[in-house]
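As written, the chains take the letters A, B, C and D, and residue 1 is the first residue of each chain.
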Amino acid sequence: MNNNELQELIGSWFPNPEVTIASVVVEENQESSDLSTEKNVEKITAKEGINPSLLSFTEEDSEFLTILVKPEHLHSLMKQLKNNPKTQFDYLYCLTGMDWGKELGVVYHLESTVYRHQLVVKVNTEDRENPVFDSVCDIWKTAEFHEREVFDFFGIKFNNHPNLKYLFLTEEWEGYPLRKDYVDEVNMVIK
Amino acid sequence: MGYFSNIFNGIKTLLTGMSVTGKVFLHSRKGAITQQYPDNRETLKMFERFRGEVVMPHNENNEHRCTGCQKCEIACPNGSIEIIWDRKVNPETGKKKKQIDKHIYHLGLCTMCGLCIEACPTDAIVWAQNYENAVYDRSYLTKVLNQPGSKLMDGVEE
Amino acid sequence: MTKSIHQWLLSFMSETATSITEMVLIALVYLAIFAVAGLYLVLLERRVAAWFQLRIGPNRVGFQGLLQTMADALKLVSKELTGTDRADKFLYNLAPYFVIISALMALSVFPFTQELQAFDINIGIFFLIAISSIGVIGILLGGWSSNNKFSLIGAMRSGVQTISYELSVGLSLLTMILLTSSLQLSEIVEVQKNGWLIVQGHIPAIIAFMIYMIAGTAETNRAPFDMVEAESELGAGFHTEYSGMKFAYFFLAEFINMFIISAIATTVFFGAWLSPFGITESIPWLGVFWFLGKTLLLVLLMMWFRWTFPRLRVDQLLTLEWKYLLPINLVNIVLMALIVWLNLTIQL
Amino acid sequence: MKTEAEKIAPTATNINFKSEEYFVNMGPQHPATHGVLRLLLTIDGEIIKKVEPDLGYIHRSIEKMCERNSYQQIVHLTDRMDYLSSHINNEAVCLTVEKALQLEVPDRVKVIRTIIGELTRIASHCLWWGVMGMDVGALTTYFYGFRDREMINDIFEETCGARLTMNYNIPGGLMWDIHPNFVKRTKEFVAHFKTKIPEYDRLLTGNIIFQKRMKGVGILSKEDAISFGASGPVARGSGYSCDVRKHHPYSALDKVTFNEALKTEGDSLARYQVRIQEMWESLSIIEQLIDNIPEGDYKVATNTVIKLPKGEYYQKVETARGELGVYIVSTGTKNPYRVKFRSPGFSNISLLNHIAVGGKIGDLVATMATLDIVVPDIDR
């Protein structure tokens, strides 16, 4: 699938409540039954049908299609991405913690080993004191270690993680080293 | 029968393995790859691109090519180069010109990445093929690359 | 010469005192010779390993590194003895002596020449097997008392391994006893004047020899059966916590044991000091070299094993013994018995 | 009330022991962990019940260091990650920067990068083979592996100036042109090594003890390999086709033909055979390219200060251990805003617990050797 088709398909999972219920139902039915028919008509409806408060798409500044999703919908979106036979993103090849300055976030790079299409999912939170996201390690087992790494360096906690404790750092470590506001006057040399 | 063929195949593979090491054993006299290091200092020659340490070549008049532009200092990722420089008046032209006082090189911090030599516009610093860099005290690793009393070679401009 | 010493001692001592003094003297001489011999086996091992591995090996101390092990021994003697907290101190200190003494005791019975045999008892082979299994007690003690889990695992492996392979060593030697009908080492050599036993017994003897070498390698805990030490798994196994001279005892014992296993093989399969054309019978002192030469060849073979093969896993070690070596061994004894009964041996 | 053992091992406190289980601390100084990796083992007799890796003993936070360095300076830091495939790491960063700058490097650069990359892969596999043998107890393999690796290191030293941390790539090309002897020496090596791989097979691969040690040990299914994010020979041993060189070819890899080494068994032996097969494939790639290195420049000029346009850039390459991803977020300044290295070893070590449980201690060591761990690559 190319990026447009992906965007269309994923958008349909998060319908805009302002669009009439009837059209949403039609959309979903079409989604599950036949995608190819009335493609042009549907594309317009699908793009309008996305709930902008839940997730948004962007393709600028990146070679991949990027989805920005709200934290509360992260897990359900990921589960769909993995399990939906049309997307099958079964390979989480990179999980990156991010400090955007104001917000903290996680970036997921996904690939499907069946279709070989790629996708980036981002999730951000403004809560710097106690940032929490849902863990995806029940979907991809590799996330277990990667999320622990993010917990080490950014202090982002993950719900339902089986073994969330420091992986690299010692247990008595204070602060989160990869955050932009981390200061260590002894060990950090700043030119 | 599988039992016995297992045994015979097993023994055969073991003997094949032993033939490999046995062959090496028989040719051990000339096959050894050991370098008897301190003994072969005379014959041990490094390749001309080998990165041993950064040096500044001087010619017979005790002149170097460093203009003190500090490009190497900026290029260095580890801060292993420090340049102490001054503006001095050139007696002939009467113009003020940048001149290095000391080109300090911390071998202990250097990762031999070669970015300083890439950055140098006048080829003032080059790689030396010196490989015996062990010293008894860390302070010996801080070196001043320009020789005392040396000055800039004529005609070298940025 | 021994007679003249005996006469001289008898001239000022009672009979009992004389024999005790003689025993002590002989023991001291043996001890000195074999401690040095063990050290040189270490050097040999290191050089041979190097030759197998495209290296040169130690060649700095003395001519061709001949003094290397002396230097090593000096270093080991002068090293600090360290131990762990809460180790069982008594057993911990006792363990190395078990290992080294059992190794040295076994040396006393070998017939180096017709005359040079310290102790010619009529149960020679039995004595050797019995003595060589005492060493494992030392290993078990050392591993147990070190208060280190790796040592403990190593010791337990050692127990399992030695108990199993003891059987194969015993049975393969028993196969040969059928030919000699004596346990006394001097008589075993005597029988071989009509040809080495490995020739006399042909097929079953060769099978017995192969089994003996495999089981013997396992007995000495050498690669590919070095479960006990297994440095990539257990660090150093049972002697992880030993240092200095106590470690040296374990180390030396391993090499002396290797020598013993090869020496038994030489005696039982390859005619000890006997040479072709009876040279060593007319010039007896040559027999020592003849004996040592054969032994060293077998030692070399064991080193060749060590520097070629990967290590077995502990369950495969037991599979090899109980599923392969032991049944073959039992069948082999019957085969040998048939051959002896039907007079099918080859007599030169 | 804590028991004595729990006091000694503070990180073991959350492990629930059964009465017959005990806890062994394997590493950080242990011959089989290939560096400073610490494994917390829960063992019942000889049988592994749980493996928990404890990382971070050589974590240098390269990702944070990158944030204060310029793009040229980042390259040499990646040498220190997976030091056995340092050239490929350098290449990954350079490719990312070039992609962001939309810089087309000359064909000569691409071909040279690919040849040296494949040589690096062979060198890494040589070392792995030697250490693999040593881990299962065949000590001699180590020296044979090093003998052949030494030839490659000499080639590197002559051309790149260093044997291990070469830093031969710069954004926009190469630091220098190849040495005049490079082609000759590489051909010599290829001819030499073709006689040596069969020797490897005769010494170790065919050996009955080795076969018994490796077969059916540490089985990883294809689904698990994907789910655990495994890559490189580890995943290909499970039949998961994941070679970045095939699926997302970079440099000159789209110009050559080679087979992706694949095995379906998923055990330690399969992973071993995949690596041996990869050495043959790398040789064939080198042979295809070595005679036709195109003429041209060895670099294109870039600005002294490289500023990437605002955006996010991701590039993956196939190192000797698997898929290395470089993720650079730029805000348009001369330093990257965030750099993430997706290292193959980190994902591969996470599946150790999954495949080692139920085996013996010896199996654990053998399995870990087939994962081909480089600790600085895991810790970064």
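In the analysis below, contacts are C-beta pairs under 8 Å (C-beta built on N, C-alpha and C of every residue); 3 or more make two chains touch, one makes a residue touch a chain.
None of these values were measured; they are calculated from a predicted model.
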Omitting subunit D while every other chain stays put - resulting connected groups: A | B, C
| item | value |
| --- | --- |
| Neighbouring chains shared between subunit C and subunit D, ordered by label | B |
| Chain located farthest away, centre of subunit D as origin (C-alpha) | C |
| Interface with more contacting C-beta pairs, comparing B-C to B-D | B-D |
| Chain centre separation in whole Å, for subunit C relative to subunit B (CA means) | 52 |
| Centroid spacing, where centroids are CA-atom means, of subunit A and subunit C in whole angstrom | 67 |
| Subunit B and subunit D: spacing of chain centres that average the CA atoms, whole Å | 26 |
| Geometric centre distance via CA averages, subunit D-subunit A, whole Å | 28 |
| Shared interface positions of subunit C, touching two or more other chains | 52-55, 307-309 |
| Numbers and ranges of subunit B residues touching at least 2 other chains | 14, 17, 20-21, 33 |
| Where subunit D touches two or more other chains at once, by residue number | 140, 143, 147, 203-204, 207, 209 |
| Touch relationships between chains, expressed as pairs | A-D, B-C, B-D, C-D |
| Interfacial residue positions of subunit D with respect to subunit B in the complex | 69, 72-73, 75-77, 79, 140, 143, 146-147, 150, 157-162, 165, 167, 170, 175-176, 179, 199, 202-204, 206-209, 211, 304 |
| Contacting residues of subunit C [partner subunit D, same complex] | 49, 52-55, 149-150, 153, 223-224, 226, 230-235, 307-316 |
| Residue numbers on subunit C that touch subunit B, as the complex places them | 48, 50-56, 304-305, 307-309, 324 |
| Contact set on subunit D toward subunit A in their complex | 10-11, 54-56, 59, 61, 63-64, 68, 224, 226-229, 231, 240-242, 247, 310-314, 316, 323, 325, 327, 329, 338, 340, 342, 346-347, 349-351, 354, 379 |
| Residue ranges of subunit D touching subunit C (in the complex, touch as defined) | 22, 24, 30-32, 46, 133-140, 142-144, 147, 203-204, 207, 209-210, 212-213, 360-363, 365 |
